[in-house]
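Down below are the structures I want you to see.
Next, two complexes with chain A in common: one pairs it with chain B, the other with chain C.
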Partner chain A sequence: MSRNYAAEIGARGKEITAALNTSNTQAALKAALRDPPYGCTDEKLKADNIATVSGVLRSFKKEADVDKVIDGLTVEEIDVLMKYIYASLAREDSDKILLYWHATTLKKAGGLGCVIRVLADKLNTVV
Partner chain B sequence: GINAEYGTITCFTLARLSEEKQHFTYTLTPTHSEALLMAAAKPGNEKKPYLDVIRSTLEAAMCLQNFASQEVERHNKPEVEWQNHKELLLNPVTIVRNSGEKTLIEGSINSIRVSVCIKKADELDTILAKRFLRFLSQRAENFIVLRRKPVKGYDISFLVTNTHTETMYKHKLVDFIIQFMTDIDSEISDMKLAVSGRARTVVTTYLGAFK
Partner chain C sequence: MTSINRLAISITAHAWNGDRSKVALCPNNNEVRIYIRKGNEFELETTLQEHDSVVTGIDWGSKTNRLVTCSQDRNAYVWSFENNAWKPTLVILRINRAATAVQWSPKEDKFAVASGAKCLCVCYFEKDNSWWVSKQFKDKVESTLTSIAWHPNNVLLAAGGTDNTVRVVSGFVKGIDNREEIGKTAFGSKLPFGTLLASWSTNAWVKSVKWSPSGNRLAWVTHDSVTHFLECATTNHTHQSVSSPFLPFQDLEFIDENRVIAVGYDANPTLFSFSGTWKLDRQCDGKKGASKAAAGEGAKKFFQDKATLGSEEGAADRELDTVHQNCISVVRKLDATTLSTSGYDGNLVLWPLSSLGL
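What follows is the complex of A and B.
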């Protein structure tokens, strides 16, 4: 059963742009963290996906918004979020709000486990 | 450099030794207190989030254990340098602060490589950074965890192996790298001021002869 990554990423991208247009950043984030494209081999698709999610993360202009939205995330979503944060930090358009995202996610996760999973999990990568 | 026994850190500053016409000689003198004063005087808070991210990533990646080479018997190689076996390597992570500053952290089972790109505002900064960091890299034995050549695309690299984490405190090693990155900027800006100050003196004394 192979996943149709292009369809998933396309649908998710549309959902995210719709949510961002109505300034519903929380819904945009939830959509961005759903069904990460683990195992996708198409580099361009993965890059597009990261670009979209990075846009969502950078759309949070105020640190208070980040704090509000991070409380509603589950443990699995925190893991996926950390992977996307590192992927977004690697891009040239990295923003200082991403550094704040990293610090807040780390605090919410309660330790370095999510960071270690980003480094060590070679099967489930978003990049 | 690092005092291996106690894992302490000493910082170096460049001090001008003598000035004769156009000849200038330099020496490195350890002035820990001076460096601390410099670091305290500068408003370093803008870099703090960037360095915090690097610190937590380093703490996570610096979990190293001894691992003998799988290819050559009785050999022990830092696997991050070898890059042959994918199962021994961690995902490399880049943390970009802006177009001029980024850090690449590549981990593996027995070693971790940290490469840093320093912010360079203008040409003089580029020259000073290159010279200063090359000066330090060539004395890599004294710094123990420094790499002799920076990774391609970066200004300076550190290589920490399991022997280093066994003989030195891991939190101190992380502190050293973070301290290095904090001090590098102030060192280079001080050098830039010194160069422009000296240039000004030279020019005024030279042109004073034509008054």
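What follows is the complex of A and C.
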């Protein structure tokens, strides 16, 4: 059973755009973290996906908003979030809110274990 | 009271004898040292030197009082205590890579060795030729096996390795094990030696695998800081994985059916408990920093430390807050109310369960 990554990413992209248009950054994040394209071999699709998620992360202008939304994430979502944070940082999007995302996810939610899983999990990667 | 004993620069493995009066450990070299427990102190009794390189695994049979050791020199020795001396018997494992772990079977009539030769050896004593024979299991194992654990029924063997897989294999040996006695197990009833009964994939290296005391549960820790639990009381197996925010674990031990202590790079014994599902409970080593920080050693020392060490808390800043100062690599059950841990810091620590808050 193979996944239709293009369709999934497209659908989520629309949902994210809609949420961001109404300034519902929390809904945008939840959509961004859903169904990560693990196993997708299309480099362009993956790059576009990371660009979209990076955009969502950078749409959080206030640090307090980041704190609040992290509290509402599940353990699995935190792991996915950290993978996207590293992917976004690697894109050289310069925005200090990304660094804040990393520091807060590390300290508040995932701990070092979460970072270890980004490094160790070779099967489930978003890049 | 937690008993902290710095017995070496670094310890790779340790094992207790039957009455827990002695402990055998490897100080990260080719020796096996046996210490006698005298009250709260440990006194070196003997040093066993037979291996050529680092001893990676030690197990001490509580019923037979035999030691089995395995090493990176691709050998294993069985040691028996005769005429006031330890006499080693070489076991030809027939592996061409290091042995990584060893364990006596519950009846102590066989032992299993995990190795970097991508194979698992089950060794038993053949009386006719008066030597230890090694039977190997290699089927589809793609990388080093890091740990093995015997099920209480003396036949099932769980093995974990760096090919990100945990396997349950039959370690049944004709002549040693009795088919009728074993009967039906939660993994099947046809159990000729080497049958692969079940396997699970993980996302990272499996570091250690252990059965619960009854054998109805299996748990393993992987290098991505995830602890896995398997319900296997019946043929209907359910698996659960619990991610933790800590550094990866190296070893684990069941305190009882519902509680597991995992140890690893955080140098802090961590409790997982079961009540309906398995959950990460907490890290059990309390912070000991308080007394040191409040020492009030004076202004001069404060500025001296700032200049020489670059630290404002002085010497206290250079130590970990936990009892162990480096990775804990082995945890063993000393008795019903005590655990023992050893680590790369060379400490052998005895933890009464009360000191862990349990």
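Keep this in mind: the second predicted complex is superposed on the first by the 125 of 127 C-alpha atoms of A that agree within 3 Å, B and C clash if a C-alpha of one lies under 4 Å from a C-alpha of the other, contacts with A are read in each partner's own complex, and residues count from 1 in each chain.
Heads up, the rule we're going with is that a residue touches a chain if its C-beta (ideal position, glycine included) is under 8 Å from a C-beta of that chain, and two chains touch if they have at least 3 such contacts.
Since the structure is predicted, the reported quantities are computational estimates derived from the model, not experimental observations.
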Chain A as common anchor, with chain B and chain C clashing or fitting: fit
Inter-centroid angle chain B-chain A-chain C after superposition on A [Cα, multiple of 10°]: 70
First (chain B), second (chain C), both or neither touched by A:Ala11: neither
Touched partner set for A:Leu123, first chain B, second chain C, both or neither: second
Partner chain(s) touched by A:Tyr86 [first = chain B, second = chain C, both, neither]: first
Chain B versus chain C as contact partner of A:Leu112, first or second or both or neither: both
Partner chain in contact with A:Ala47 - chain B first, chain C second, else both or neither: neither
Touching partner for A:Ser94 - first (chain B), second (chain C), both, neither: first
Chain B versus chain C as contact partner of A:His102, first or second or both or neither: first
Superposed model, chain A: greater residue contact from chain B or chain C: B
Overlay on chain A, chain C to chain B nearest C-alpha distance, Å: 6
On chain A, positions contacted by chain B and by chain C: 112, 116, 120-122
Residues of chain A defined as touching chain C within the complex: 75-76, 79, 109-114, 116-117, 120-124
Interfacial residue positions of chain B with respect to chain A in the complex: 49-50, 52-53, 56-57, 59-61, 63, 86, 90-91, 93-99, 107
Complex interface listing, chain C residues touching chain A: 203-204, 223-226, 243-248
Chain A - residues contacting chain B, complex: 86, 89-92, 94, 96, 99-100, 102-103, 106, 112, 115-116, 118-122, 125, 127
